[in-house]
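Heads up, the next two complexes both have chain A, just with different partners, chain B and then chain C.
On to the complex of A and B.
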C-alpha cells in the first residue's frame, strides 16, 4: 500500500480540523449551555383544550411560583396563539409550545428562538432577547395550504418598562 | 462481436438514464415556475395550491427519481464496462427492478401532479396524501433494491473469478453506494410500510409523528451520500482520465469511500436539531458523527486536486499554479470536475454551519437550508451527473456527442445559474425568510429587505432552466443521430502507483457492514426504542 507523505499530512490535518470543530461546539455546549432545543415530553394534541396548561385562557406570559418567566403558546393552523406577544428584554424566558393539529415551526430571525412544534410533543426552549423592537414569528415548516398566512408578532419591550404579572401558585 | 454485446448491455443503463433526465426536465420546468412565483414579479401565477403541488413534485423528482434512476443506470454501465462480466441475475432481473421502480414512480407522479400529494418530499405526517403516493414511493425504493443486490452480487462473482486482484475502483465505489443505499433506505421504508401506508388507508387511526420523523432522519442524511458517491466515483476514475493524468491514490480513494459509508449513516439526527422529541445528548452524538463525515470529503478534495495537478504537469504546466492553466478545460469532464469542487467548497462551508450543534438554530428551516442543499446537491452533484452522461454517451449510444461546445456552455450556465440562485438564498435565510413559502402576506417591514435577493433568485432560476434544456437537446440529438461511430470503450483512470494487491479491508465490505450495524444500533437504537417505552399520543390524519 502506497501512502504519499503530503497526503498523510493532509489526512492528519483533516482529522484535526474535524476535532477542532467538535471541540469548539462541545466547549460552547458545556460552558455556555448553548444547545439545540430538546424536550422529550408528550401531550395529547387532539385534546389540548382539556389540558390545564394549553387551555385557551392559560396561554401567554406568566410568572411561575419559582420566579420563572414562562410563555405558553399553541400553534394551530394558521396562527400562533396568543397572536401578539409582549415580552421584556434581557430576561430569561421559557417558551412552551404545543401543536393543536399538524407539524409547525416557529422562528424569529436574529434570535435563538427556533423550534419545531410537533403534534404529540411539547416543545420547550429558554432564551433571552437582548434587542428591543418588533419581531416576526414565522411558521417555518410547511403545514398546509395556508402556511404562508401563519405568523405572529413578538414585541420586545425594555425591561424597565415592563411590569411582570404576579407569580402564580403551583408549578406549570 | 464485442460491439454487439456492448449494444445489448447498454439498453438497461440507457433506459434508466433517460427516465432520470426526462423527469429532470419536467422538474426543472417546475423549478422555473417556483422561482417566478416566489419572486413576486408575476402576481397572476401566484396560485398557492399550484405552488405547493409544484414544490412537492419538484422535490420528489429531483431527490428520488432523477437520482435513483441515474445512479442505477450509471451503476449498470460501470458494472459491465469495468468488470466485463455478465450481470449477476441477468439483464432480465435488472429490467424487472427498472419496471417496479418505474411503475411506482408513475403512480406517485399521478398523485403529485393531480394535487393529491402536496405534502413535500419529506412526507410530513400528519398531513396525509393519497395512499397511492406512498405505495408508489415504496415501489420506487423496492425496485432499486434489485439494483443493490445486482451490484453487490456481480462484484462478488468477479472477485471469485479474480482472487487476490483489487476490484476496479469504479465498481468498488458503486458497490459501496449500493450497500449505503440499501441500509439508509430502511429508515424511510419502515416509516412508509409500517406507518404511512396503513395509516393513510385507515387501517390504523393515528400516527406517532416523533417516530415517523426519527425514522425519516435515518434516511435523510445518508441519502445525500448515495447521491454524492457517483460524483466522487467520477472524481476518482473519470476526471483524471479525461484530464490526461492518473489517479493520485487508489488506496485513499477507497478509504474515503469507506469512511463515507460508515460515517454518513448514523448522523441523521442533525436534521432533528430543533425537534423536541429527541434529547440534546443524542443530538450531540450525531453532531460528532456529522463532523467525522467532513474528513473523507476533505481527503477527496486532496486526491482530486492532486490528480488534476499530475495531469496539468504532464501537459507542461509549471510553477505553483501553472498546472491549473495547463489543464484541458475544454473537456466537459474536466470542466465539470473543477466547477463541482468550487461549489463543494462553498456549500461545504455552509454545511458546517448547519451541522453545528449551536449555530443551527440561526438557520434551521430558513431559505439558507434550501440554498445549502441546492449548492451541494443540484450544483456539486448534479453537474457531475451531466458530465458523466456526456462522458458515457458515446460508449452507451455508439454515437458521438452532438456538440461539445453546447456541453461546455451548458456546464458553465449551470454553475453560474446555481451561484446566482443559491448565494442570495443563503442571505435570505440569514435575514429570516422561511423555506417553503410562496408569496406570504407578512408585513412589509419584515419583507422589504428580501426583494433584491428575490430578483437575483429568479435570474438564477431562468439561467438554470435554459441550461437544463441544452442538456436534453444535446443528449437527444446525439442519440437520434443516424450515423453510428465506432463504439468507444468506457475508460477509467489508472492509479499513479497501481496496486497489485489490496488489503482485504480495502477490497470488500463484510467487515464494514458489521461495523455499520453496530454503529447504527448504538446511535439509533434507543432514540427509536424510546417511542415504545413512553406513552405517546398519536395524531389523526389532516388534509392539506
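On to the complex of A and C.
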C-alpha cells in the first residue's frame, strides 16, 4: 500500500506525541504521588443499614483504640449521613464511606476530600482540614433526579475548641 | 522531582506495608467490636435483595384482592380511605412501599397496635399479594384547596439553607413514588400525611433508613407540613368530568 511521504511523517509524529503524553502523565503521577483509591473492601449495599459499621447509630466521628480519628458516613439518595458533620481542624481524619443504593461521589468544596462511593465497596480516604469554617459536601457522580440536591455540611472547628470522643474499645 | 507535601494531603492508607495493613485491620476489627456493644436495632429490617424482589414479582393479584378485604374497614374499599379519618389511602401505592411498612409493623420497627396485629396474622406472601393488588389501583382522586406557593416551592425545589431536598426528588414530580420503596404521596389523605410527618418529627416513628424523613420533617414548620399535606392531596388523580 502506498502511503504518501508527508502522511507518513504525520502518522509518526502523532504516535510520538501520544507516547510522549503518556510518558508525561506517568512521570507526573509517580512524582506527585497520584494513584487511584485502592481500598478494595466489599460490603452489601442492599443491607447496608443492617451492617454493624454502617448502622444508623454508628455513623459519625469516633476515635479508634489507636487514636485514629475516623468518620463513618453513608451516601444514600439524596444525602450524606450524618447530615451535619463536625470535625477538628489540623487533624488527620480517616473517612470510611459506603453507598446504600447507587453510585455516588463525595466532594467537599475547597478541600481535597473527594472520592467515588461505589455500591458494594467501602471507600476510604485520609485527609486533614487546615481551614476552619463551613464547607458544602456534595455528590459529584450523577445518581438520579435528586442529584442536584444531594449535599450536606462539613463544619471544621478549631482543633483547640474540639473535644474528641473517648477512644472506642479502650477504657470507658 | 520529589513528592510535594501540600496542605491538602491525601494518604490512601491501604497502600501502606502489609504489616501496617494487618495492624490496621486488627484495629478496625477491635473498633467494630467496641461499636458492637452500642449497636441498637436498625430502623428497618427490610432488605431489597433478589429474594424480597421476587416475592413482589411473583405476587398473586387475585389472591391479594381477596386478602385485602380485611383492610377495607379502615383503608376503604379498593384502598381509598375516608377523608375525615386518620387512615392512609393505599390505592396506587407502590407495592414495595406497602410491603416495607407491613414488614416493619411485623417486627415492631414501626409501632402501631392495630397494624401490628394485622401484620402478624398475615404471611410475607399475603402481604406481597395485598401490596401488589393495591399498587394496581389508581391513585386517590384530587382533594383540598389550591396549593400555596410555599408548598409548591418546597415540593419542587426544597430549601438549600435548611438542607431540605425537594420532596419531588425522591417521591417523584407527580408524587407517584419511586424505586425501590419511596411511597407515592399524590392524593393521600391530608390528615394521615400530617400525622405521619409529625410522628417522624417527634421521633415516635423511626422506620426511615438513615433518618431521612426524620431529618426533613424536623426542619419543617407545622404550617409547612400542613401546606404540603394539602399540596399532595391536591395533586391526586384528577376528577372525571
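Note that in this section the second predicted complex is superposed on the first by the 132 of 172 C-alpha atoms of A that agree within 3 Å, B and C clash if a C-alpha of one lies under 4 Å from a C-alpha of the other, contacts with A are read in each partner's own complex, and residues count from 1 in each chain.
The criterion applied here is as follows: a contact is a pair of C-beta atoms (placed from the backbone, for glycine too) under 8 Å apart; a residue touches a chain by one contact, two chains touch by 3 or more.
Quantities reported herein were computed from a predicted structural model and do not represent experimental measurements.
Look at A:15: by the touch rule set out above, it reaches chain B but stays clear of chain C.
Touch criterion met: A:109 reaches chain B, while chain C stays clear of it. By the touch criterion stated above, A:149 is placed in contact with chain B and with chain C alike.
In the superposed model, A:100 lies in contact with chain C only, and not with chain B. Once chain A of one complex is fitted onto chain A of the other, the partner contacts of A:53 are limited to chain C, with no touch recorded for chain B. In the superposition on chain A, A:31 makes contact with chain C only, while chain B stays out of contact range. Note: residues 35, 37-40, 46, 112, 124, 144-145, 149, 151 of chain A belong to the chain B contact set and to the chain C contact set alike, using the contact criterion stated above.
Residues 48-49, 52, 118, 120, 124-127, 208-210, 213, 248-249, 251-252, 273-280, 283-284, 287-288, 291-292, 294-295, 298-299, 302-303, 306, 352, 356-358, 360-362, 364-366, 430-432, 434-443, 445-446, 497, 499, 502-503, 506, 530, 534-540, 542-544 of chain B are the ones that touch chain A when the two sit in their complex. Of all residues in chain C, those touching chain A in their complex are 1-4, 6-15, 27-28, 30-36, 38-40, 42-45, 47-49, 158, 160, 163, 165-166, 168-170, 173, 178, 209-212, 215. Across the complex, chain A meets chain B through its residues 1-4, 6-7, 10-11, 14-15, 17-19, 21-22, 25-26, 28-29, 34-46, 101-103, 105, 107-110, 112-124, 134, 136, 138-145, 147-149, 151. Touching chain C in their complex are the following residues of chain A: 31-33, 35, 37-40, 46-47, 49-50, 52-53, 55-59, 62, 64-66, 68, 70, 74, 76-79, 81, 83-84, 94, 100, 111-112, 124-128, 130, 144-146, 149-153, 168-170.
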